């Protein structure tokens, strides 16, 4: 089963997509493996603390300090000052993530949320593909 | 097939989980795909050099230098000085890993081991989920 | 279905493997999930910009600056000055990647290519395993 999930974003930062993923999986039901794939090279996927907003805030600022805009190293500058940093950030984080499903529920740990990490300033929509393979076929 | 593996850890560093994963897979047998998922936001999964302990030692010290404790950037400090660095380290490394299985064996390269990378000082146990999907159903 | 893909490399940098992966998947046909696994600890897998060579050039130079050779931190130096940096770079990037397949085609975004990121200078060949699980069995 493959479904495309559209995520509205408003600038850099972590956008929680846990509920969007959960609702697709719970509608399908069963046990299996849910794989997320982001169809972009300047945004990424992340499993992180879902509780304290300060953790998300620090994560974002830390990565912006590690990969700043206007670094004199960049030659790829035609698409704006946030473009090359966005590609580097995407390279350092995940493009795909796989999470087991048990009894129609994502088997996330107590403090885990799933986030789309937007690395550009002015993008307003991103697309994540959700693939869900049920285990049932193993029993055939 | 889904199994939960409990890993005893004693502070920061790479904990080899290769044997624990191998024994579950070999008990199940067959060919397929083994996916590991860590249910935490301050520890991660890693495929690395399984031979020379100096590589693991350097990896740990390098990441501790890149993401030090007591950085004045952090606002998320209530859970201790190692908590925010642990979240950042987890964001830079993997939460899930998928490894093919051939003839009941993980298809790892000659020098590859699977590690749980603990990023906190005082945690004593972590949980990894192992999902194993056999290929056999493809042949139905 | 599991296939081993041999990739010729000539030193550090991004080697485009998109066509090699596409041809295996299109030969198999159908819908499902394609998982790539690299059998090395000093090279990695990456989804990145497939269009402008300057993005690849900057990515490579940025990572070489973050993880330089001859860092006095390294104790693992017997295998050459590029070995420990290569392990660190591999730890910061992906060992496995999963990409959905729709109608015999990889569901990559418009600007996404799949790359083997070689982190050593003198390696000439690498091996990627391609696992393809078709969805059809879900319908049995």
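Letters are used for the chains, namely A, B and C, taken in the order the chains are written, and counting of residues starts over at 1 for each.
We adopt the following convention: a residue touches a chain if its C-beta (ideal position, glycine included) is under 8 Å from a C-beta of that chain, and two chains touch if they have at least 3 such contacts.
Keep in mind the model is a prediction, meaning the values are calculated, not measured.
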Angle, in degrees to the nearest 5, of the Cα rotation that carries subunit A onto subunit C: 120
Type of subunit B:subunit C copy interface by residue overlap (half), same or different: different
Centroid distance [mean C-alpha coordinates] between subunit C and subunit B, Å: 19
Set of subunit C residues in contact with two or more other chains: 66, 92, 94, 98, 133, 137, 140
For the subunit C and subunit A complex, residues of the former touching the latter: 31-33, 46-49, 52, 54-55, 57-59, 61-63, 65-66, 92-94, 97-100, 102, 107-112, 133, 135, 137-138, 140
Residues on subunit A engaged by subunit C in the complex (per definition of touch): 1-2, 35, 37-41, 66-67, 71, 73-76, 78, 84, 87-88, 90-92, 94-96, 98, 127, 129, 131, 133-134, 136-137, 140
